[in-house]
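You will see two complexes here that share chain A, one where it goes with chain B and one where it goes with chain C.
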Partner chain A sequence: MNLERRDILKAGSALALSGLISACATPLRRPAGGRVVVVGAGWGGATAARYLRRWAPEVDVTVVEPAAAFVSCPQSNLVLSGGRSLASLTHPYARWATGHGIRLIQERVLDVDPERRRVVLASGAWLGYDRLVLSPGVDFDYAAVPGLEDEAAQALVPHAWKAGPQTAALRARLEKMPDGGVFVMTIPAAPFRCPPGPYERASLVAAYLAQHKPRAKVIVLDANPDIVSKKGLFRTAWRELYPNLIDYRPSNALLHVDANRLSVRTEFEDLRADVLNVIPPQRAGDIARRAGALREGEPWVRVNFLDYRSERVDDIHVIGDATQATPAPKSGHVANQQGKVVAAALADHFAGRDIYREPVLSNTCYSFVSNDEAFNVAAVYRVTESGTGLRLADGSSGVSRVRSAEEAALARAWATNIWSDMLG
Partner chain B sequence: MRIGGWMLSGAAALGAPAARASPLDQPRVRAIIESLFPARPIESSDGVAIEGPEITDDGAHVPIRLRVAPSGSAPRRIALIAAENPHPLVATMDLGERLVGPFSLRLKLARSQSVVLLAVAGQRLYGATAFLKVVASGCNPGQEATPPTDIGATRFRHDPPHDGLADARLLIRHPMRVEQRDGADTLSRPADHITQIEADIEGLPLLAMACGQSVAADPYLAFQLRAPRIGETLAIRWRDTQGRSGDAHFPLGI
Partner chain C sequence: MKFITSLALICALASSNARADAPGSEPLTPGSRLAAGCAACHGTRGISAGGIPSLAGLEREAILQALESFASGTRPATVMHHHARGYSTAERTAIAEYFASQKVLLKPPLEALQ
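Moving on to the complex of A and B:
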């Protein structure tokens, strides 16, 4: 790909973009190493792009991402408790892309045409690809939350389940909440992004309230019959650190939200909140459906875990939270690992080599229960015989014995290292 | 809350020449049906069907809805069978006149498999099947977990009635732990689950439900209640395999 196009793309003029991309996507300009388009520069996509450039420098890599900067979901609950700034979670993409020879297009993807192997951008321009990597994360299924179907209502009830302005909005509401007020959060039925995340959030909101509004309360309405991840560690922390502050109510699915009154109706009770945080039910980012990668009626994408190719659409690979990867959790760490596996598989593909048949994934999820203490769950996953599933490697899974300050330091180091791995 | 991607697989599945053999022909399913409803032919009806999500991640918690409204008489007894679970009979329910479907409940599935619904109405036996997919098995005994401190806590709520029928929900906190076996013969830890739930309104039976270990944790039943009136009381009683039991009373009417 020539420099001229790269410069113009960086200028970001939609009109110029439209004409030039279309013109360049002719066979005349096709690079020798193959063209890969990566949609989404989160934990999966950013890792895949960077490692593909490292392992196959001859491959032309274009990343399409609407945001100018990465904002980490992991550790964003610490913004609520004052343990981290949003700025410390934010990493601009521009220098990263230039440094690794990645073409970055700051735009939204509207559609995918798998027949012609094209990605259609919001500007109307399109990009041709030989292989497409979708790392779209999750979309919220607000249609499943009566009362929050429209955006005006959603704006009144922050989810803060994608880090950034939503995180700041929830923190601002906490600051304005009266002492003696009630923070109500709702948790959807599993699976959702970051299984321990809601319980970490309850802990860190309690940490903030204990310090600033000691008469306030946290009520957790969980659609699940119990804490989904690290149950014993969370229960102990709540009992010892925040006695009588967190009121956990399992098997209590949300039925309706009144966004103006900040009231919720569950299957068994009505509640009014001073601050309301609804974590909506989730499904694969919608571009996966538009690309034809989803089975009818299924929320997550089925892939072959050797190279993450979609079971349904040729030349499309899907990674990260959007995949049906149970028992592996929808975590940033797992998406990072999947990004490397797909990068290696694509590097092999373009070099005409066989792909590696035994990729192994690891996962680590740290959870903070205060600004100073954390614990972790870690596990290793292998690909099943058929390639279409993951399984827990024998004896690989475990959680911390106790919460500790040492693990809080390790958790911060983990974040620094893995951000550097994907975006350094 | 709506769950994305529900499918409906009902009467049509019975007669259709499907790729899978009908679960009704499996010997262990036939034996259960014969013991519950001896010597009755199984008919299909548009009003009898199982609805469930296309796929469920965690087989320990599979939400389903049972439509039990054949034309003619109202059903008085229904049974639910998970053909390939270690203990396939999920539950039977005897239905009082004021208890009306559809019924929503949550079950455990050891693997993707066919589920069978049977409903007796008048002198006839209706059946429906659905194939439900799960990713992770719901019948793993798992770690030794502390049972909830509020075991047996009972919740009930009904909405205002429409056309004489009120949506109602019942939940009893209970881990519903499956048994653990070392090899085929040695029971290393017995099951711990509710065996019986009974409900009546002012002494008139509303529901008698017999539960196996294939009912999900925190047994849940959503149904419609005919004409709840102020002044009436709903009484719930339950007992489990460990000898625990309890009762709870809820005033009706809004």
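Moving on to the complex of A and C:
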């Protein structure tokens, strides 16, 4: 479906103008507390919706999400190593929405009309809002990966960077891989979703191979000059747990993919893989661009961190991986925290209170290096004086001293608790 | 068909879900804003779904003392020393007061997650 923006908007307004709304049993009315539409029920959007209902129960909250169930990206690398099932990462939305008085519309959003404050759905219907929260996550920039521009080629090379069928597809390819085969993965230049995620993946693929295909190898082609996150901990784990199994090649950006031959070309080499995993370069989910929230030529949305409103479009707030939130990482935990700040800011707005000047975000991010051992990075972030940036709170940032089984148990407990906090 | 779907949707949207007496609502205070950050690991309102300590209903002084000793480094931790240092003493106090005031222990709805 490749509709032009004006056609979509025309379809929506024609419907409204034809007087059909009067056919509804209940007349359209504005709720006293305001109408909020949340686009995307991932880590940011689901948290924002739930906490907005908690802190401003008089506000009408509608969530638009195409999926029937949430599937967690965090800990989905454990599906590759057999340390988790995909089912354990999956949580249906229906009961959650009913329980919190959230209206859930299982559809895709096609467009946003900021002037009339409307969201246009794939069905052609539209939703009016007073405030819009976009939590669109990332989209993949396949145009920047020569050889993977079209969908047929993409289907041959799973990214597994959004959890679900892609995760299962990559696991299935690992299972079919011959012993003595080569797993090749490519990492795009930072920033991307989940900075330590690619290195966790390399570790957990190695864990699977060490157990099931001991003669196989992992080759990691990283566009970055070094491991982006938790470098020392990953290096030690690779040396001690998987000696000679993981071949890490930094500053080795992907130039071309032959999806049929499963071969890749970089500046330095041509490689053929038995299983190829390309983590594509990323940018804000496309609805952010359609809504006009992106600056020309920039991949991520700039916001005011006091209330996450877009610097460019009125009445639109953007949270999660789609935002330019450096030094905070694009993590599920940070999106959860941003969801709470935007919920509080909207509750303040509709209640006529002043903007709250001191929101605080924390991040706790665990990485597994085997099914039984993990480590963390933790930090607290505060808003800069201008409101347009984040900064590390003094002395608040650091990583684990060592990997441990204790932290693997804590990582699993973290997942249980944060999923419950979003979707319970 | 598309037309009927659209009409049904708009009708569905006409009724409001807003209600001021919603169960699970709470006042927005400096304490509830800050403590919501902690809820990611310790559970909503400090009621853990397992594996990480619940904070709801603990004594104010006990929570505050724990946060102060994490921040000073006298109490060993895997993540809490980093978190505790990110907040001011006034903020740590507001967090302790919030959790101490959560007297009702409820079973979390997603406890069967794992």
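In this section, the second predicted complex is superposed on the first by the 396 of 424 C-alpha atoms of A that agree within 3 Å, B and C clash if a C-alpha of one lies under 4 Å from a C-alpha of the other, contacts with A are read in each partner's own complex, and residues count from 1 in each chain.
Please note the rule applied: a residue touches a chain if its C-beta (ideal position, glycine included) is under 8 Å from a C-beta of that chain, and two chains touch if they have at least 3 such contacts.
As the structure is a computational prediction, the values presented were derived from the model and not from experiment.
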If chain A is used to align the two complexes, do chain B and chain C fit next to each other or clash?
fit
Applying the document's definition of touch, where does A:F268 land relative to chain B and chain C: first, second, both, or neither?
first
Contact-wise, after the overlay, does A:L254 reach chain B, chain C, both or neither (first, second, both, neither)?
first
Which of the two partners, first being chain B and second being chain C, lies in contact with A:T416: first, second, both, or neither?
second
Winner on chain A touched-residue count between chain B and chain C: chain C
Looking at the overlay, does A:A189 come into contact with chain B only (first), chain C only (second), both, or neither?
first
Does chain B (first) or chain C (second) touch A:E296, or do both, or does neither?
first
After lining up the shared chain so the two structures overlap, which partner does A:L209 touch, if you call chain B first and chain C second: first, second, both or neither?
neither
May I ask you to decide whether A:S396 touches chain B, chain C, both, or neither, giving the answer as first, second, both or neither?
second
Roughly how many degrees, to the nearest 10, is the angle at chain A when you join its Cα centre to the Cα centres of chain B and chain C?
120
Rounded to whole Å, what minimum CA distance do you find between chain B and chain C in the overlaid structures?
17
On chain A, what residues does chain B touch that chain C touches as well?
none
Chain C to chain A touching residues, read off their complex:
2-3, 5-7, 9-22, 24-28, 32-34, 36-44, 48-52, 78-79, 81-83, 85-87, 91, 108-111, 113-114
Tell me, which parts of chain A touch chain C in their complex?
15, 20-21, 23-29, 31-33, 51, 53-62, 88, 91, 99-103, 105, 121, 123-125, 127, 333, 336-337, 340, 344, 347-348, 356, 359-362, 364, 376, 378-382, 393-398, 400, 406-407, 409-410, 412-421, 423-424
Over in the complex, which chain A residues touch chain B? Could you list them?
141, 143-146, 188-191, 223-226, 231-232, 250-251, 253-255, 267-269, 281, 283, 295-299, 324, 326-327, 389
What residues on chain B touch chain A, complex-wise?
1-7, 53-55, 57-58, 61, 63, 135-136, 145-146, 148, 155-157, 169, 171, 173, 216-218, 220, 222
